[in-house]
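Common to both upcoming complexes is chain A, partnered first by chain B, then by chain C.
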Partner chain A sequence: MIVSCDREKLNSLVQTALRGVSSRVTMPILSGLLINAESGELVASSTDLEMSIRTRVEASVKESGSTVVSGKLLGDIMKSLPPGEVTVESGEKYLVVRSTGGEYRIKELMPEDFPQIPVWSGDASFKVQGGSFISAIHQTSRASSSDEKRPVLTGSLIEKNLESSGVRMVATDSYRLAWKDVEVSGSVAEWEDCIIPTKTLNEVARLAGGSDADVETKMQDKQAMFRIGTMVVTSRLIEGQFPNYKQLIPKGEKTTVVLAKEDLVAVVRRAMIFGHNIRFGVYSDHLRLTTETPEVGDSKEEIAAEVSGEEMEIGFNAGYLLDGVLAVDTEKIEMRFDDPQKPALIKDFESEEFKYIIMPVRLR
Partner chain B sequence: MNATKPRAILHIDMDTFFCSVERLLDPALEGRPVIVGGDPSQRGVVAACSYEARAFGVHSAMPLARAGRLCPQAVYLRGDFQAYLYYSRRVRDILCEYTPTIEPAGIDEAYLDLTGCRLAFGEPAVVVREIRARIAAELGLPASAGLSTSKVVSKVGSKVAKPNGFVEVPPGGEAGFLAPLPVEKLPGVGPVCSTTLTDLGIRTVGDLALLPPEALESVLGSWGRVLSEHARGEDRRRLEPGRAPKSVSRETTFDNDTIDYELVRCTLLLLAEKCCRALRADGLATTRIAVKLRHSDFRTYMKFRTLKVPTDQEQTVFAAAGELFEGLLERGVRIRLVGVALSGLVGAGCQGELFEGPAAGRSLKLDSLNESIDRIRERFGFSSILRGSTSELLPDRRSSLRDTIPGRLHEAASEGSAAGGGGAAVRVPQPATRSGRPPRGC
Partner chain C sequence: MLWDNVVGHSAVCLSLKNSVEQDRVHHAYLFTGPSGVGKFIVARTLAASMLCPEGGCGECNVCRRVMQEKHPDVRVIRPAGKNIPVETVREVRMDAFMKPSEGARKVYIFKGAERMWEEGASTLLKVLEEPPGDVVFILVTANPAGVLPTIRSRCQEVSFANVPLEQLKTYIMERKGISEERADLVVRLTGGVLGRALDWCDEQWRLARRDNVIKAARALKRAELNDVLQMASELYREVRAPVEELSATYQQRKRDLEDGSLDAGVVRRLSKDLDEALSRERVKEETRGVEEIMTTLSWWYRDILVMKEGGDPGLLVNRDLTGEIEEEAEVIPTRRLLDSIDLLAGGILAAERNVPVQLNLESTLLGLQEALYA
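This part shows the complex of A and B:
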């Protein structure tokens, strides 16, 4: 393999692929990047067996071929090379990187040991505007669990929403649940509802973050694939039954509260300094948030709000409350309550696209 | 603090507290050597001993077997921590009437700042006499007291005053009072430090005060400088009243090193229960769980886990502790000690769960279950209600557990360091069978 390419493009290719290399590899080969050169393209791939990234760049290929080398080493040298043309040549044992005046050799690993990286084939099932896909991930992913004992909750459900012919992204750790309806172009009819590791979705959001490109999505060989420009992220699915969340939606028959999101964020942040759990009091025209840590200190703050319905007091884990309030996408935030022991709802004002359901804390 | 009047710091120290309480509960012990800690045939250490036992050379933290050889005629008791706690709280109730500035220094001692109470109660020395008289009259317990301008001098004062006495060191007289005393009387001077000082020809606190602080620092490090100040009666430390506990810990040494890992697991559950009960009593929850394991060769390991949702439920703590234990376990190696420590303490609350299913509402149900058990135990004692898997562990039911050691001997036994250890061994309480038991709290 002999390829040359501009250092800038080559570096960006390698850094993108490196996102797929786990910092804690289970097999040495997984610390490597698979580099392929053929028909005018240089392709870099990586995988941690849960997710793989395959990305490509135009290059002048003098001799096609493939190799696997340490991702970290290749990434480090690419980052430090001066601007200009870089040539990459694989020999029998070493990949040689040449830049103006410099020559760097990286020991090759066995390309045949590298896991098969899925290649996108055919058309996408549906396409989502990049910005709205990213914000859907940001709005929901924090509700996901990191507890490996309940694998289903470490993923986000992506299910088709036939009513709106869009998809809904849902995440929960059993203490709170977030969902977001996303508009798509194309048909969702063929989409199979599935649970995708939230870690992977966060990576997709990060990779899509730099560009305005649409995110194309499809299901292939029981794996979910996301294509953003020249990058393809493939993810394994999480087996299992996602909890039936629809029954949880609080009706908010008892009390509804509307107030400015930024104001509430500030009050919650201050309250958190004094305790993990917030006593959240709803009164005729204001809220009162109190927290305390015995023998350490306490806080009390009132904030004006439009309240309809009964007055009540409910307890929340401060962190979960803040996550929900921050995820709201409108200037005003709407909260609905049924009972201090039952889930409460936080949502965008006058919109049904985003909902955050939070289970209260029973305060003592 | 009063700017014109010098500080008036009282150190009050209950005399042979555990033994005094035992005598209160069983007057037949009066005048006899009493040793609290357990049976001399067991592996424990002396938690407390009466003056009669001390006459035979017995002292606290001494192995029980040794105490048994020195003083075989003593009455050996397992100890009843709940009873000690009950009386400790009654003492605290009396102290609280005189000043809000109280720094508890253990289950049986405390510092009080009496500087501000002259107007309300009169001169500090008068107040001290009144406090001691009330403790004696209302509770029937002897207490020694030291009164001076600083913590260290008052602490030494109460030590010198024992048994059942009161020493007042007037402002300006601190150095003079300390000078003739042997250096071991200063808090923090243990056997090792004492030997180092003796090697330097220092025998009294006065010798120590004459040494330049730099010289002492070069021998003992930064502690040397502090010690030098203390030797001259200088100690500006303020009292730290109501210091919130940073951690709650309990640990247990097995009677015999064991490879019965099921026994260890059950013990972990018992320890988790005790820790969580202490948490709930203080309205706290933990976010960091640690398990400590000591093998028979004294290799000691700790493993931690951080929780996202704070808990005060032993069920959750035990689930994590069990897994941490699995991670520490070396199969085939005998275990000497196991401990549970909870830190990252925050205000309590019970986080509910969203989904229906077997686990639905479990957390809330457990919450009320634990609350009910706490109430029962508050009235009838810890062992009045036990889980099946831990019922065999308590000393009156099974002899293989030596003791349950609070992280430190302290009010509510909850303000221990995570490393735990403590010094003295205290028995877990037995069911209330003896007469003369206080009606509540034990």
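This part shows the complex of A and C:
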């Protein structure tokens, strides 16, 4: 393999691919980047077996080929090279990097040992506008579980919604559940509903961040693939049955509360200082939030709100409540209640796109 | 085909091979049988035959990586220290719920599967109760009684018997190019355990050690206390030698890591893993060394007993030492031989319970002297 490319482009290629290298891996080969040069392109790939990244850049390929070298070493040298053209050549044992000043040799690993990474082929099944995909991930991922005892809950469900011809992203840790409907272009008919590790989705959001590029999505070789510009992120899927979330959605017929999101965020943040659980009182024209930690201190604060329906008092875990309120995408927030013993609903005002369901806690 | 490389176990292999070909693979297997008999090799072969498009050709990149433990969809889990930590079992459970990386299936091979605390075992049980679709567990153990019965009942049990002596003899004669006489001796001395027989062929010193051990046993008759202690410390050195060799091998593997292809952080982490593996292997090798010495002695006294009772000379294990066996049979009474064999069984038990090696050897030799000649 002999290939040359501008240092800037090469460095960004390598740094992007490095995002897929985990520091926890047990197989030495996974600390490496797979480098392929073929038909005018240089491709760098990495994987931690759960998620893989494959990214490419145009380059002048004098001789095609492939190799694997330590991602960290390659990344470190690329970062520190002066601007200008860089030539990369793989020989018998070493990958040789040549720049204006110097020549750097990195011992190669065996490319045959590198796990197979699916290569995107054909068309996307659907396309999502980058910004809305990222915000959907941010809005739902907090509700995901990190408890390995229930692997299914460490993932987010991405489900096609044939009525709206969009997809729905759902995450839950069984204490709360977040759902978001996302508009897509293209057809969702080919999409297979699946559970994707939430960790991977967060990484996709990070990688897509800053660019307004569309995120193209498809299912291939039993893996979910996301294409963002010249980069493809592939994720293994979690197997199992996602909870039947539709059953959990409260009707919210007894009481409805509407108020400014920012105001509620501020009140909840102050209340949290004095206790993990909030007593959330709903009265005819205001809310009263109280918390206490015995022998430490307590808080009590009232805030005006439009309330219709019955008055009630309900207990919430403060952190879960805050996550839900923060995830709302509208200036006003809408809350609906059935009963202090039943889950409550937090949602966008006058919109059904985002819903957050929170289980109540027992108050002393 | 990889199946053809397995020595013995033809019925077991045939049935496993058929179940792969007919797509009737179970979710969980329990491979039982004496250690060194070849359970793990069959486990890996089964894994390769499930993932290789040719059913375990032994030539392709899938087969190669499975057999070298480099395939992402085949994971081998070994005890760390004495047990398989619960964290490892949790990781496996998490991983089991992910679809395979490359192939259609994922395989987890647990070596020393009985060595799990309750929490680890119950975590594993939960996965076995509701196994994800494309996952196969192969639990390998020499001690099935140590496996939780509830786990056992979830597994298809496959038992491995020692390879028939004649078959093993022919195999090592061909494979190692040694004489029939020698192959015969090795097979007898290792009790037909394939892995051990191969070790005895590769590691000539094991036979030399047998000679030294028997020489020491014969010298007990006229030995003073100090001589016995001296013998014990020489035998101790014999046990230590392969352990030192093992350390050297690991040092070399650590140096190999530093060939420059990996960055320093990865090297540090892998070195630490190697250190842990070494300390595990050291204990294992030391215990094995003591066991082998005790076993050698047990066979020796048993041979004398056979000779004394007028048994068929074809039954002797140390057939190359028939003359010496005859001499001893003349002078040691039956009762004393039986006591000695009992005493050695106690020594093996002590080794498994990690009684310090030198202490164990000293007390065994002194005990033997007492039992045989007092």
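By definition in this document, the second predicted complex is superposed on the first by the 364 of 364 C-alpha atoms of A that agree within 3 Å, B and C clash if a C-alpha of one lies under 4 Å from a C-alpha of the other, contacts with A are read in each partner's own complex, and residues count from 1 in each chain.
Here is the rule we go by: contacts are C-beta pairs under 8 Å (C-beta built on N, C-alpha and C of every residue); 3 or more make two chains touch, one makes a residue touch a chain.
From a predicted model like this one, the values you see are computed outputs, not experimental measurements.
Superposition of the two structures on chain A leaves chain B and chain C fitting side by side, clash-free.
In the superposed pair of complexes, A:Asp113 makes contact with chain C only, with no contact to chain B. Residue contacts after overlaying the shared chain place A:Lys79 against neither chain B nor chain C. Across the overlaid pair of complexes, the angle with its corner at the CA centre of chain A and arms to chain B and chain C is 70°, in steps of 10. Looking at the shared chain after the overlay, A:Lys251 reaches neither chain B nor chain C.
Of the two partner chains placed around the shared chain by superposition, chain B is the only one that A:Glu292 touches, whereas chain C remains out of contact. By the touch criterion stated above, A:Ser70 is placed in contact with chain C alone, chain B being left untouched. Looking at the shared chain after the overlay, A:Met27 reaches chain C, while chain B stays out of its contact range. Superposition on chain A places chain B within reach of chain C only down to 6 Å, the least C-alpha distance between them.
Contacts of chain A with chain B, set against its contacts with chain C after fitting on chain A, share not one residue. By the touch criterion stated above, chain A contacts chain C in their complex at residues 23, 26-29, 31, 47, 49-50, 69-73, 76, 106-109, 112-113, 115-116, 148-149, 151-152, 154, 197, 222-223, 236-240.
Taken in their complex, chain B has these residues touching chain A: 242-245, 282-285, 287, 308-310, 345-357, 364, 367. Across the complex, chain A is touched by residues 61, 64-65, 70, 72, 90-91, 93-94, 96-102, 132-134, 257, 259-263, 265-266, 270, 273 of chain C.
The part of chain A that touches chain B in the complex is made up of residues 146, 172-177, 243-245, 247-248, 275-277, 291-296, 315, 317, 341, 343, 357, 359-364.
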